[in-house]
């Protein structure tokens, strides 16, 4: 993997590169390079499988981070290629020529984040939100509670409990003695 | 009555179906549903007895609660001994089990299926989400109160309710039917415009007739 | 009365003097030229008239004052005068045709032409062998020179090849003449007899005969002739192909009495081979004139064969056969060659231009039909008699070869015809210019051949008007074509009514039964054609022709009358099918299969013993013991017409592509002609059962047809094809039940025939109405039409219930009778197959009604109206018939019982409404009553109990909580039985289609293979000639 | 006489062979002529009677005994006609060759094969 | 005989058959439930279902043919039943069997199916024609062994008259077709599996693939009529099989016992096998049962 990264580094400049696990790497590239680097990874380095694509809204930085999650069946390594794009000019190249199935992710991101993918097939069709008229809901400047209170009729008398405290109080008086399930690392 | 008046009344009885494109208007019925009064006490009582013994429910998993419906059919819980049977089509079903949270996209289908069922029809709403939104109370796309959109006969609280709770719910519904208290369908038709207003308020791309016969 | 020697003298003189007249201008020389030609025709015509009508003896002209053998003598007898009249007349006509050419060309052409005609006259009349040689050379040289009337390179090359080939032949002729003289000391045909020749002396006759034969262009020594036909001006080609060939053929005729029988037979066989191969090679040909060349060569081969095989028969028969072929071929060929000159399209594909020119098209049609030997043209009669002779002398190989060759000829000729009628044309194609001088000869010839045809029918066969009626109908309606089609339709209805009334008192009730199917059924179906809007030229003529031939079929008294009606029926239905928009392929296929069937029948009839009573065929055939071969051939012929398995592939195409109001005639009525024929054989069969049980196999074919038809119908997307296959299946039932040869079997066959006539007519007319409104036949493009066309829907509903055999409608009666008869006969497995097929029939019936009338209505059909009234009326007449029979089956069962009772002991007992067979019983009326009861009770219950019923529209369906996208995606119709096809696996492949396709491919490949012997090299052609002579000699020696 | 007959047949065969083997149009015509001539010789040879003269009635022959002095006159008559005809054919052939040569500038028969099949 | 008495007898006969058929249906559900280890619904559940469906207040109709579809269906069931003599020698249960023979019954079965197919077709739902296409195709396939068996019976008894066939089987149990021609009976019994449309041949209703297929749009009374017919029609088919192959019945009790066991065959098979794909089903019927049927014919006709 290190060799691959080195080979990539020979070709383009990589901003950040992190290793999360033995089989999970991330690195960030420029927006203009994404087309080249993805096709290079697919054709030359056997990252043939696009597992998924996702977006994160960094409201504070004024950026969207798009992640292309690739997988290599030969060496069994996940590789996330991050790219940061400007929040004001939310537009990205469509990758459907490399992986035809990516149109569905792009359509989803287009609907939920409002990132445009010119040329991607059926990108303007609604995905889960039928007839949505507000700003895309996954942008962090959209206040869902306010929207929900405004739109859906709240039933009065609703109260919220912390389940742990509530259960401790109501059901398991001697909570401290009960064995907890320990998750193996 | 003059013929003109009759035409006028007939026109009022029709639905506008404004959500449909022009060429599709003829493909959907535009009749307005009307409520049907129950028969006399004994006859209706007899029928209610049969309805309560033969509860055909719509096998349509609208939410995560639908996972709790499956065990109901298995040998352990065996709903068929109560005369509950799943029907694959709304035309034949009498009970609509709304399985938990309903997003706007789902509520559209719920309304459609509910209207396609032939009355008398009953609705069982599962889980907190249908009562007050449950854990999705602040979601931008999930409704909080189901009874604003279709009439609900029985709520079964829980997140999610267990099959035992469901059986209890069904039995409660059975009693209500026997008592003749379940007139949800008439309620719906009597308050048709109110329900439609609520539905149309959240369903923005209304591309179906106003009443799905 | 002018001595015919003047023909020679005058022509020769005029020929020499023409160059002098030319000084006085082309007008003068042309006047002289045409004057002399007309004079010749006039002289010969007068002599012909004298000899034929005044019975004057043959004229012998002695030249130089001596009698023969000291001098050359000329003879002008019946044959000579006939041939001369014909050749001179053709010569004149060709000259008229070439008028435009002759105005411009060099005077030598005129001279050569005159000399050519003179030479032919001499050739025909002279009795002296050497003189014959001289005239032959005169003819040849002038012909060679005339080939370059248009000096293209092709015509030059062809002319050169022609010359060296002709020269070679003439060397042999000369040798032959000299040897004849050497062995007999004489050159006059009147004084030489066969006995003058020793065994060794036969070599001279052989050389003589071969030289003449080579000139007659036998396969394969005929490449040069083809080139000439292809490249030379059409006017001259017609002269070569007609006048020259006629003359040389007459020379062959003159020397034929000298030839020993075995040589004659070998030459006959060589002629047959020529006929076969030239037609086979014609299959692959795309050049119109070369194609005609192939056909021409083939026809001459046939002519030689006919002469060789019939020479010992009575004269009148020879006249009919040889004369028939002669006249038929030469007139048609001359006309067609002239037509190629007018159309000026080399490639057959471009002949679509003809369809814009109705008069030319009609002429083309007449000549082409004549050339293909269809009735009423002389070739038909000649072929009939010739095949009869050959069959009776058991020369089956020859018969087979000739008929196969004829079939090939039919294929390429009718392919050409269909292209002319239906082919594609460029939009910027110019109109064919009108030239009177070119059109006149063709029209005249077409008229003449029709006249000759009628003359043969009237004088030789003594046919009554009724047999001529089909032709009269076509001609008559053609004259009335300017009338609007509705009036013509009504007139046709009246005419059919009168015709039916005229036929009415029948000799046998079987005739009455088929009379009802043919005449009454047709009459009701005519109502459906009244919907036609424009003139629909020619339609009613051929429709009437078809109906009349149906009628003639049932009143035929001899084999020939029957066959004639049969052929008329084929022709008329072919033309009717061809009227469909995309019917080119379909009609061609129909024609090919029909003709093949007709040829088989021809042989079958020829082989059958003579009838011995003057009753109608269907009665008199009962007393005839048909040979097994006859039965097989006739049965195959009839089964082709009824679309049996294996030969069914024409059927769906023809039904589907014919115009929608023609399809009911074809399906409901035409197929019954085959049924009628099979019944006819059956009548003979039951009285004189042959040693070999042919009908057992016919029965198997019938049931397999029923099954295969049902399956194929289920897999169709096209409504009319579906109905067509359904017809195939139903007729399969009928054929199988005829083959049972029992009372119940025939009863069921006839019951089903009648039923099928009604419900299939109704279905086809209903679909015609749907097509009229929706403009599509593809079923999945329709749907939901029940709301728009309820009347058509009811028709289809009742009809499909009747087809399927579900009680209480009349179809069940057929099923009950059929299964009872099969089990009674002991044909258990056949019955099993029929059960299967009737189960499968539900598939296609449901598909038909569902995909058209039920399901989802399409957007574009939302404003559709009910079918026109003219379609509705006949449908409901048939519906009334079906309902009447359903309510009271005795209406039809009882008469049929008595009809079939003539042939078999009655096997059923009719007691009131109850019909009892040996196996079970059936009470149609009670079934109807009970069904009504069980239907009405739930209906009343629903009506009374089901209080509030909301009527909803087509999209108000549960659609998995979605709403339908569009009617197209919601309507399940396309490839509806895909799973069944999958289940059938390899059985579902179109094997029969593939078989015929392969057969076509193979025959075309063979044709292509053989025609490669014509390398285009003149030397090869000479080699062919010499090798040909050597080979024939070897065959003769051995 | 036998010799003449053999010669005639030989010429005929040579001519035919020439027609089949030569490629040049003119040679083919020449071969044709040879074959033709062979035929003529055969005709004359058949009519020949030993020791008799040509059937020309002039002073040299006594008219009364003419039938015993001259050979069979008919073959001679035939041959005269045949020669004329052969000449005509040959001439026509040659004129065709000229025209052909004008069109294509070739005398080989192989160059004139466009029409086939 | 007076026509009114005849009708009265017919009504009695039909009522008995319907009730019996429905109870049989309930019984099957019970058996299935027990096979699953459940209690299952009560035996009279089918009656409750019918009352419930008839008790709907509103019904929708897609058109005339849709309205008539269930009528056709029930008419077909009634007619089929009425043309079969149910109990040998009984006047009440002879029905209208004098109207026709076995062929009439075989073809009258189609009456209801065709009508129902048309009604469902007008419903406009895509699953309806899908189901019908499957049903028709399967029917054409299972008709083959059945018709072969019928032909074998007709050969054996030289009659197509059901009463005659039953009469010929009286006397001893060994006179039953089951013992005189076991091949034909096996073929017929296999095709009965297809007719009853229990799995593995339940491709028409197939709730998981094409939610109950043809009657998907049927509701209210229409469905009620179909449900009624299901009971009646099942009884009619069983009675037919009993008459043809199992010696008929001389009284009601024997009829109930025999038909119950005939039905049990398809129930047991249905409870034990998963569903075929359509083409597997057709191919199955055209293969083994057909061969057995042919053997059956050969057996009676040539030995």
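Residue numbering begins at 1 within each chain, and the chains themselves are lettered A, B, C, D and E in the order written.
Please note the rule applied: a contact is a pair of C-beta atoms (placed from the backbone, for glycine too) under 8 Å apart; a residue touches a chain by one contact, two chains touch by 3 or more.
These figures come from a predicted structure and were not determined experimentally.
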In contact with chain A as well as chain C, sorted by label, we have B
Setting chain B aside and leaving every other chain in place, the chains that still touch fall into A | C, D, E
Sorted by contact pairs, first entry is C-E
The chain whose C-alpha centroid lies farthest from that of chain E is chain D
By Cα centroid distance, the chain farthest from chain B is D
Expressed in whole Å, how far the mean CA point of chain D lies from that of chain E is 98
Between the Cα centroids of chain A and chain D the separation in whole angstrom comes to 105
Separation of the C-alpha centres, chain C versus chain D, in whole Å, is 50
Taking each chain's mean CA coordinate, chain A and chain B are separated, in whole Å, by 37
Among all residues of chain E, those touching at least two other chains are 57-60, 216-217, 220
Residue numbers in chain C touching two or more further chains are 948, 950-952, 954-956, 958
Expected list for chain B, residues touching two or more other chains, is 36, 89, 91, 213
Every touching pair of chains is listed here as A-B, B-C, B-E, C-D, C-E
Listed in rising order, the residues of chain B that touch chain C in the complex are 23-24, 26-29, 31, 36, 60, 89-91, 109-110, 112-113, 116, 207-209, 212-213
Chain E residues touching chain B in their complex are 29, 33, 36-42, 45, 48-49, 51-53, 55-60, 207, 211-212, 216-220, 223
Per the touch rule above, chain C residues touching chain B in the complex are 857, 859, 862, 948, 950-956, 958, 961-963, 967
In the complex, chain E touches chain C at residues 7, 54, 57-65, 67-68, 70-72, 74-76, 78-79, 82-83, 96, 98-104, 107-108, 110-111, 114, 117-118, 121-126, 128-130, 132-134, 136-137, 139-141, 143-144, 147-148, 151-152, 154-155, 158-161, 216-217, 220-222, 225, 277-280, 282-283, 286, 293-294, 297, 301
Interface with chain E, chain B side, in the complex: residues 33, 36, 46-47, 50-51, 53-54, 56, 75, 78, 80-81, 83, 85, 87-89, 91-92, 94, 118-120, 185, 213
